[in-house]
């Protein structure tokens, strides 16, 4: 495990959080793809071991704290996919974009702050490598009645670059 | 026509489907763009020769089978754009992402399975080259009253690479 | 200032428009990022100096002309971010994608034409370099009660390439 691997894992521990097992895609698609030096994920849900920890509509079924926690957990699932794809975080250069689809009641105007559950996690875990642009949507119906879906996009070093770097570290 | 061109066309025939003519964009934008080694499409509709084959809201105006077929037809239109952009499929390395915007009734919870109409087509037509990540939204109003819009993103080889490969095949 | 910088600025003047100051992001995320040779923006709002010029729902609180103007102003804000990121427009190769999230009433079927406020601006300001693909969504609740969010994606030359080009121009 390289030095850059350690920092996100330590930050995660300090936050009292842990990564869930990366989930399989729900249908005939992939949970993630690496194309050239880019990682892209499909929509990730706020679940652990296939069970949604949060269900329904933000501002109606979930209060603000639960909505924030749901976005955080969906982001943890996205990070778990990233870690599986890269076999750790050494190859990660930057998570440059995070996108959220949120199911919110018509009066829940603080929904962008709920998505901060994902944004804060990325920045707290990855520092400079977690500084991301962001996109947000509200949808009135979401897959499996999830309050949110979170997507991440990352810039990654090639495997060859990683091997060279590891050699230099020795 | 190269070998890699043949497989998707044969798969299409086996499915009893054919590609519509690539449609023009509806306004002051482009139907697709190639930037470096990436292809991106604008939203594609379930139409043939400028006429929508499916209209309205999934789960209200369209049943499940029609919703699935609408997503399949919109994906066929997206593939027609890709083929026009690349002058065939030889340069296609991978359709790594498919996105769908669906207009669904509040009770049509099986809408993600309707988008499988697009996902299944990509995998059945392109095999490994059709393995894609996915993104899904529900919107309560969509352009020209279409039940769906489908977008694809592909990794493509440069024209130079194609020329070299063709030379080697001879 | 290079020659390619001048054209968009002159076009802007001819349209009687000016770029607002680039706005800060609303939360713990970045207004834009450059990753390799790509620029991506977060959602941009129709505001000037932190004040929304347009509020509410298209087709209910805003008529068509106002909805078009709101999309134009949000695009101006996105262009202001691009200019700040690139320190001008010389490094801009192409704005290859523009995306809009619109808050529209259920009967405002002409909403895609409202987004032409953004599309027309890109093409009028940048010519070939403004030819973009497009994506559109309708959401029933949007951040800070904005009628729209506009996002742009651009292909940009590296800083090194710009320095070389400037040297050749002398």
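Letters A, B and C mark the chains as written, and numbering starts fresh at 1 in each.
Keep in mind that, in the parts below, contacts are C-beta pairs under 8 Å (C-beta built on N, C-alpha and C of every residue); 3 or more make two chains touch, one makes a residue touch a chain.
Worth saying up front: this structure is predicted, and the values here are computed from it rather than measured.
Trainee: For copies chain B and chain C, work out whether under half or over half of the interface numbers are shared, and give different or same accordingly.
Mentor: different
Trainee: Compute the rotation angle for the C-alpha superposition of chain A onto chain C, expressed as a multiple of 5 degrees.
Mentor: Rotating chain A by 120 degrees superposes it on chain C.
Trainee: Where the CA atoms of chain B average out and where those of chain C average out, how many Å apart are those spots?
Mentor: 27
Trainee: Of all the residues in chain A, which ones touch at least 2 other chains?
Mentor: 137, 139-140
Trainee: Which residues of chain C touch chain A in the complex?
Mentor: 25-33, 35-36, 40-43, 101, 137, 139-145, 149, 151
Trainee: Across the complex, what residues on chain B touch chain A?
Mentor: 37, 94, 96-98, 104, 106, 108-109, 111-113, 115-116, 119-120, 123, 131-140, 155
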